[in-house]
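Next come the structures, one after another.
Below are two complexes that have chain A in common, paired first with chain B and then with chain C.
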Partner chain A sequence: MSDFITSVKEMNGIILIETNGYLNNVGGEEISAICYEKMGLGQTKFLINMAGTKIVNSIGVSILIEIIEKLQEVNGKIGYYNLAPIVSKTFNIMGLTKYSTVFETEELAVNEL
Partner chain B sequence: MPSSFNINELQLKYLELETLLDITNELNSFDQISVLLQEILIKSCGVLNASSGLILIEDNNSDVLAIGADFNLDISVLKGLIFNKKKGFISEIHENRKAININIVDDLFLSKTECSFGLIAPLLDKKNLVGVIILFDKESRQGISPFQESDGNMLSAIATQASVAYNNIKLIESIKEAKTFNDNVMQSIVTGVFTTNLMGEINHINRAAANIINLDREHVLGNHYEYVFESNELLNQLITKCEFESKTLSETQILLECNGKATTVNISVSPLLNDLGEPIGSVVAMEDLSNLDKLKSTFKKYVSKQIVDQLLENEELLNLGGQEQEATILFSDIRGFTSMSETMAPNEVVETLNEYFNLMIEIIFKYNGTLDKIIGDALMVIFGAPIAHQSDTENAVKTAIEMQEKLIEFNQNRIINLKQPIKIGIGINRGKVISGNIGSKQQMNYTVIGDSVNLASRLCSVAASDEIIVSETVWKHVKDLKIFKSKKLKPVKVKGKIKPIEIKEILYNRPAFHYEYAYNKIEAYLIANLPTQYTYHTIDHIRDVVEQAERIAKKEKIPKAVIDDIKLAAWLHDVGYIWEPLRHEARGAEYATSILTEMKFPKSKITLITGMIMATKIPQSPKNIFEEIICDADLDYLGRDDYDANSSGLLQEIELSKKLNRKDWIKLQVSFLNQHAYFTNSSKKLRSPKKEIILKQLLETTK
Partner chain C sequence: MKKPTVELKLPIIPNMELIATQTAEVIARHMHLSEEQSGEISMALIEACINAFEHSKAENNVFIHFLIEENSLVIKVIDQGIGFDKTKVEIPKIENKIGHDERKRGWGLQLIQELMDSVEFESNNEGTTVTMKKNIK
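The block that comes next holds the complex of A and B.
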């Protein structure tokens, strides 16, 4: 496990990923590596707990968009919860929320994904 | 990839604007600098796609910046490094005050972060640099790249907002600090102080005042002074009068009766004014004159506060009846004070002595000495009586050193004000003394007497100006401490002793020479002695050369230490006119050698200065840049608007010895100007063009 990704587990067919720190190029690559590895094993639903991530840059966002594109090819989905206000705002401005969902809680996310 | 998935420029600009707006809205909500800096850094990194960041911020108003915040960076590699405002990229940003891109590998310190590219913007307080915000490595999907110009503009905008917020927090912190400081001072001082507002309500009262009036602060605050002091008509009258007349009033020995307690106090009432000088209330100070304090304040004039407190705590320590004990005795006196005072007005003598004694007695009490006597200009101080301490001798030596060192500062002020410096010699001895109250029934004084006291006095007589002489007994007591340096001197024969006494000189830091003193002395000497018939080689010409020499030296980036020497040479360059105009450079150099040696200037400096004086001999022959500077300063007027006035003065002076007709005089000037050339680049640039014009004008007149 890296410093950025602190936990990866599966629940009801959804891969739960917990992050900590800056979602930038490095952080984004780490998420995409996990996602692509799991997609290779047939997983299509991903949920990211971003409680430990207080800041994100546009490169991190663009990597998430690449993951969404790949997921759309296999009819998969990705969602996020526990977003800091600045992260939430950046996701909105960058258009990420049009193609993926920000959830209030883990419970809501697991039910809806 | 669907086009809707692309992150376009517009979105990024929108994000930048939103972030800037967020920062502007949020910044003033922070009250801790560390939180503010961290937040700014995180948001800046995010919005500008930086991989990491660092904020360096001022450290105790020095030129050094310390790490104020870091993000996504291993700062252990930067720990212990000194980021100086005046060095490297910080110096560049200090000068330009705008964001700059840098290659991190070019910077000795930042290269330790192993980043490649940096974007740096200044945090400013008005025009002063208080910190820098540094972003590292702009990220892209292709890897890292340098930051763009637009990134610099964005970071500058964020830094401007951040600077405002940072300065606000600093201001609030300093106000809080000042308030706490004032409150602590108010609560700590023994004088009772309270203040009233315009309504006459008491709005501040310190602990001492609450004790004097025997009331809790809570019972006093917010109440009118006439209510609190209802049975103290005199105090009420004083405050009321102060309110009406807006001037300080005082009364001594007032019996203040409050809440069943009577205290004798001295009272002073002053108007409280705001910044505009308008009255906003009054401040009342009360000095408690209870017997103990009266005794203390009297006693403290002779012994240190610490000893008074010890005596008052344990009266048994005080044996005033007479006993034999060990003590260390220090004598000091002013060298040549009698002859010095003959040249001073009586009030100046008293003023000088009072200033000197105040300074010295403060040091004596600091080291727990007991001031036994002031005998004319001499001081006798006891360490170890009435209370003995293990460190008595050490304290005596420390007192002596600090007396000499403080006197150096004291003399620097006197020298600048053209007053004679005060020089003292100090002698210290330790041995058996008889201590006690000695005198008649009418007048008794606590003192010590005995052979050891006499020897201390003799050692003081042996000490030359600025010297501290101690007996072998004193040195044995302090040598193992290894904090003092000494020099063994030849044993001396003193009155009352058959055998010569072994002595040591205690060494301390003595500066050898003072430029300001030398300038003032030489200027005074020139004013008094330059022949009055001279119309060119006057004190005004010399002052002009000093001024020009300093200006040129600064332009030529000469170090400050040498500028002082150049100025000294300028002051001395025409002093030889006093004795021998035709050989004035050589006579000036001789005089400089003699006076500067007397003033303890090092030989190397004297050689440098005399070289500069000799270089001014016409035709000028400078051998180094310093000599070039003084040569150019001496003939600076050749390329100035006041050339005519100077040349008229020179002609008048030449005509003291030989008459010149107008034609010869013009010819002489043309020839001189033709042969002359400035040596320094700054003078060539500044003065040569005007000199050419003057030369042309002179040539015109010859046609």
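The block that comes next holds the complex of A and C.
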């Protein structure tokens, strides 16, 4: 675990990743490393709890686009919850919400992904 | 009376853009901007700083000027890099990036333009100045 990734757990066949702090290139690479490792073990559903991430940059978010692309190859899905308004707006502008889902709460995310 | 101005000189070191966002948050509170506007300013500032750090190939510092005006906040991000031709920057679309070899990055200018009320670019081979404005609602 790192300062940025504070928790990784599995619930109902979904990998839940909790982040804390600035989602930049380093944070993005940490998320992708976990996703690719778990995909190698057959996992295809991922949720990121971004309650602790109030700020992002486009490089970090671009790495999420790479993850979405890799997940499409295995019919996988990724979603996010507890987003700060500016993070949600950034995801909208960059189009992530066309290929992945933003949920309001963990319960909704786990039930609907 | 001269308008209040805050000036920063940032070395090109990873994550220095966060110093700019912290300054912007203090100024936004002083100007009674909304949380939403403050977040938009911070995000646009991060992207302008990253462009200056990474793409300008500037070797020295990046300068940021916050001009507190009666009805708006004007932010200038100034580098002394190689400049760029905005007409050659393509508008990114996620449809063109997912499932294609196209690089996933390249969103900075789009985000800045979407998040701020106005943006101007002045660029030549001696550097670039990005002037962004957020109007007080």
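Throughout what follows, the second predicted complex is superposed on the first by the 113 of 113 C-alpha atoms of A that agree within 3 Å, B and C clash if a C-alpha of one lies under 4 Å from a C-alpha of the other, contacts with A are read in each partner's own complex, and residues count from 1 in each chain.
Convention: a contact is a pair of C-beta atoms (placed from the backbone, for glycine too) under 8 Å apart; a residue touches a chain by one contact, two chains touch by 3 or more.
None of these values were measured; they are calculated from a predicted model.
**Student:** Could you tell me if A:I86 is touching chain B, chain C, both of them or neither one (first, second, both, neither)?
**Tutor:** both
**Student:** Of the two partner chains, chain B (first) and chain C (second), which one does A:V102 touch, if any: first, second, both, or neither?
**Tutor:** neither
**Student:** Please indicate which partner A:N57 is in contact with in the superposed arrangement: first for chain B, second for chain C, both, or neither.
**Tutor:** A:N57: touches chain B and chain C.
**Student:** According to the stated criteria, A:E69 is in contact with first (chain B), second (chain C), both, or neither; which is it?
**Tutor:** Both partners.
**Student:** Report, in rising order, the residues of chain A that make contact with chain B in one complex and with chain C in the other.
**Tutor:** Chain A residues touching both partners: 22, 24, 55-59, 61-63, 65, 68-69, 86, 89-90, 93-95, 98-99.
**Student:** Which of the residues in chain A come into contact with chain B in the complex?
**Tutor:** Against chain B, chain A makes touches at 21-22, 24-26, 54-59, 61-63, 65, 68-69, 86, 89-90, 93-95, 98-99.
**Student:** Which part of chain C faces chain A closely enough to touch in the complex?
**Tutor:** Interface residues on the chain C side: 14-15, 17-18, 21, 35-36, 39-40, 42-43, 46-47, 50, 92-95, 97-99, 104-105, 107-108, 110-111, 114-115.
**Student:** For the complex, which residues does chain A have touching chain C?
**Tutor:** Against chain C, chain A makes touches at 22, 24, 55-59, 61-63, 65-66, 68-69, 72, 84-86, 89-90, 93-96, 98-99.
**Student:** Which residues, counting only chain B, touch chain A once they are in their complex?
**Tutor:** Chain B reaches chain A through residues 1-2, 4-5, 7, 11-12, 14-15, 18-19, 22, 42-43, 45-51, 71-72, 139-141.
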